[in-house]
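The structures considered in this document are given below.
You will see two complexes here that share chain A, one where it goes with chain B and one where it goes with chain C.
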Partner chain A sequence: MAHILEVKDLSLHYLTRFGQKIHAVTDVSFTMKQGEILGVAGESGCGKSTLVNGLMGLFIPPLYPTSGDVLVNGESLMNRSPKDIRENVLSQKVSMIPQGAFNALNPTRKIKDIAADVIAAHSGNKNINKRQIYDRLRERFDLFGMETEHILNSYPIQLTAGERQRSVIGISTLLNPKVVIADEPTSALDVTTQKVVVKMIFDLLEKNIFSTMIFITHELPLLRHVSHNIGIMYAGEFVEYGTTVQVVHDPRHPYTRALMGAMLSADSEQKNRKPTTIEGAPPSLAKKIEGCRFAERCPSARPECRLKTQGLRMVGERLVRCDYAE
Partner chain B sequence: MPSNIIFSAKDISKFFGHGKKRICAVNNVSFDIADGEIVSIVGGSGCGKSVLAKIMLGLYSPDSGSFLYKGKPITNTRNHWNEVQSVFQDPFGCFNQFFSIRSQLKDAFGILKEKPSKQNIEKRVDEALLAVNVKPLDIEGKYPFELSGGQMQRMLLARIFALKPKVLIADEPTSMVDACVRANILDYLMKLKEELGMTIVFVTHDIGLAYYVSDRIFIMHEAKIVEAGKPEDVTQNPQSPHTVRLLEDIPDINREWIKK
Partner chain C sequence: MLKLLKNLIKEPMFVIGVFLFLTTVFAGLLGPSLYTPQPRSEFGYEAPLAPRGIEVDLSKNTITHWVVHRGDTLYAKETIKKDSLGNMLNNTALAKYWIGTDNLGQDYVALLLRGLQNSLYVGLLAGVIATTIGTLVGLFAGFKGGIIDDILNMFTNLFIVIPSFVVLVLVSTSFPQGRSLTLIAVLIGFTTWPWTARSVRAQAASLRGRDHISLARINGASNLQIIFKHILPYLASYVFMVFIMQVASGILSESAISMIGLGPLGEGATSLGVILNTAKNQSAITDGLWWGIFPAAIVITVIVFALYLLNNSMEGVFNPRLRK
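So, the complex of A and B:
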């Protein structure tokens, strides 16, 4: 059992109330080893968050699995009831760090009660009492180097954005999950707080609270410092998959190149460089798409791109979904 | 050149709350912003940069010090908004969910002293939509919740293209959108600047963005402006430790950012 997470040709769709299928994720495959950090990047609406739900086996209508399989430690997450998933998978095997900490925390309850609920609901141990839970919480929050008492006894609104996000990370990882999925954990924070939050994630990795992570973001420069491998998503598919250094410093797919070109930095060499913009919008995923999905917006598109569906192929040591990438 | 000064702030302060809970959001800040300049106010969360933006918009008045727009204090906000307009962070909070987008863009003209004729309004709304790369037919009869975040942010900009104000206050216009849309929005803002010769005040926590667009950068920390200057000087040769910190905290692909 070399792989802790295996995703095989996963496709997911949403069913609208008019009976229309929106194919949000198409044929995503990857595997992760213990201790690996995978970064997933792409623009808004490319299917990143849908993929997260799929990886947790959490199919709440209107989201349905189309085909494919997700295996955590060899155990499939498909075709299981939400109750089964909640009791046996979430928080223990797969855990998610949500994007907006403010929406994730119940505003009418203290942090310690929210955290106690997570232990009561997901640990599978029904007889655990409140005091044991609180002791466990204190022990864990002390590890983070935060003011434990202050945070545990506060309502979410009394905390700063950084403290809230760190509490959410603390709560998500309480039961030492095998795989942690961080869905844009820092995109609502300023750069200084972002650094604090990322440091905390590294701290948890070092203390072996969890070891395998999927980090989802649209900031490629951030992934450069966080992940080992990067997958770039566009319109529900992976268009490039390789090691971080390969993807960030030498992108091959036209979309990855455009994405890198759109980054701004306070570098003097970059001052006179115009950030590239990608005109147009991603294709509608309601219909079956013929040909390359990026062809409409691709600066180097050829007429044949619109006709022939492109598959992932090896270019150097990474996978690229473009027949003309070198 | 006193006639060219748009905003002039002298020792302004703004407080919230009373007694022990009194918080100073802006502390003895002074600056001048000239006509046609692009100024960025950069700082972390809670440093008072949005309060400063609201003072410029006339939504707050400073508790002490003098704040002048074109040499006069802001008394009538309606008149002020004729010339000074804003773009905010969250476009969904700015549009009414119950009215179609087009009708709200048309309603925006209500703020102008001389309201154009009906045909003229339609024409200007169409032009504004085309300026931000949205076909007028695409949003015909659509409501705010039917569009994506990036599209809505462009609708806010379309409003600015339609109204053509003299001064624009952009309060974190790009913090909710991804990198591609961010580059697009900056493009449109630069286009606005070229076409209308506007003065733009950017409020952001992204010093990279500020460096790219502005003529001058103000760094704010704990209610004070700790450093002000040309973008090259501020980023290459930062004087204040807070500026150094802000620059270090940006994840850059070519530099060590965090120790694993």
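So, the complex of A and C:
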């Protein structure tokens, strides 16, 4: 058992009311070892969140799998009933830290009740005692170094944004999932709170609550600190996949380069550099795209790019989806 | 919860509404058993507060005999000398009807109390049925989306398009032998749910994409758990207000179909609408016998008005944007 998560040529599509297929994710493949942290970055609408749903086996109409396979611990998530996925996969094998902690907690229930539901739903034992559940919760929340009693007995509205996001992380990792997917856990938080949240995630990693994580964000500077490997997504495809150092410091795909150029930085030496923008918008995914998907916006595009579909190939020890990258 | 109640009590409309509604409910619940009706009159539609019977005044040595007529002349009086009739009339009672009698000479107060009780029962049962069906259909349609939503929506629209009043009339006519209050209530409940379903569906659909629903889902909550633990509590205040409106419209619908003679039928099934219907049938309206119509009409108006007041004031408190 070498890989804890194995994604093989995963393609996902949305089926609209009019029978139109939107191919949101196309041929994504990667593997993860125990203890690895993978960062996935890309602009809005590139299929990051769709990929997350696919990785959890959570296919809620209109999302459907097209082809490919996802294996967690060697166990496929495809062609399983929603009930099976709910009871045996979610929270236990794959869990997710959602974005926007501001709204992720039901305002009509106390934190402890929201968390108790998760334990009760997966305990297998229907008559599990409420007190036992609360004890387990207290034990777990104590680990986080938070004011356990205050947080557990509060309604979400009584907590600060940071406390809420940490509660969400606490709830998502209650059952020690094998793989945790963090979908922009720090978006919409201010910088100091972001730091607290990231610190908490590292804390959990250190305490071995979970060890393998996929960190999805559009903040590349954050990824540089967090992840071992980075995958850059564009229009539903991985365009570059390599180690953090390779991707951040020596990007090869034109899109990754443009993305790095568009980033703002607080470094003093970068003060005089003007951030560049990538002109245009990603292509529509409703139609089949001929040629390179980035060709329309690529600064170094050649006529051939629009005709020939690009495959992933090794460039400088990492995978790049561009025939002309060096 | 307590705070909500405090906010509600600050609202004068709410207090008035609660007062009116509770008054009618208590009158309906306890009235029929507490109030002893006046003995039945031998005259139909006796005027309110009109003295009737034979009054013996021993001090003046007179006997007054009140004669009651229906309609034009309300009563006449003749004075008869004592000696011509003797002493045997001494004990005759004097009956006064507070709001008159119906065509059969029954005390209207007792009838109204009974009618109020029955009307409230019909309204409440119809409200419960309509709210339950509407809420369940709306929740599932809104939450599930896709084909289930389409099917449930079509079903709902079908019921909206068919005029429910016509359905009520048709179904009522197919039970000519006897229609119990419960049957009428069930009929009303089953024909008025679509509006509830529509509005609940809209609310549930807007909640479906909320982050806390996704969190519950990714943590392995089943659809039923999500609907009843995460969506229904969110809509509870809304559903409650819808319920109040359904009760009000149930009472109104019942009066409406009773008014045209298709309401409850049979022993003891006197509702407010049935009182109105009888009055109409006995041409109380054309004869100017106002007490045959107005008391029942006023009671219906008061209940419905109280429910509307409640609903309006609650909306002001439950919806923070409308809060003053």
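The working rule: the second predicted complex is superposed on the first by the 324 of 326 C-alpha atoms of A that agree within 3 Å, B and C clash if a C-alpha of one lies under 4 Å from a C-alpha of the other, contacts with A are read in each partner's own complex, and residues count from 1 in each chain.
Note that a contact is a pair of C-beta atoms (placed from the backbone, for glycine too) under 8 Å apart; a residue touches a chain by one contact, two chains touch by 3 or more.
As the structure is a computational prediction, the values presented were derived from the model and not from experiment.
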Query raised in the report: Regarding the shared-chain residue A:Lys195, is it in contact with chain B (first), chain C (second), both, or neither?
Result: first
Report task. Check the contacts made with chain A and report whether chain B or chain C touches more of its residues. Result -> B
Requested in this report: Please indicate which partner A:Glu87 is in contact with in the superposed arrangement: first for chain B, second for chain C, both, or neither.
Outcome: second
Query - Contacts of A:Ser95 with chain B and chain C, given as first, second, both or neither - result: second
Query raised in the report: Touching A:Met314 in the superposition: chain B (first), chain C (second), both, neither?
Result: neither
Requested in this report: Kindly classify A:Asn106 by the partners it touches after superposition: chain B alone (first), chain C alone (second), both, or neither?
Outcome: second
Requested in this report: Please work out whether A:Thr277 is in contact with chain B alone, chain C alone, both, or neither, and reply first, second, both or neither.
Outcome: first
Requested in this report: Check whether A:Gly45 is in contact with chain B, with chain C, with both or with neither, and answer first, second, both or neither.
Outcome: first
Query raised in the report: Considering the complex alone, what residue numbers of chain B touch chain A?
Result: 44-46, 133, 148-150, 177-184, 186-187, 205-209, 211-212, 231-232, 235-236, 245-247, 249-254, 257-258, 260
Query raised in the report: Tell me, which parts of chain A touch chain C in their complex?
Result: 56, 58, 60-62, 83, 86-87, 90-91, 95-96, 98-100, 102-109, 114, 117-118, 121-122, 168, 171-172
Report task. Provide the residue numbers of chain C that touch chain A in the complex, in ascending order. Result -> 145-146, 210-212, 214-222, 225, 229-230, 233-234
Query raised in the report: Which residues of chain A touch chain B in the complex?
Result: 43-45, 160-161, 189-195, 198-199, 202, 218-222, 224-225, 248-249, 258-259, 262-268, 270-271, 275-279
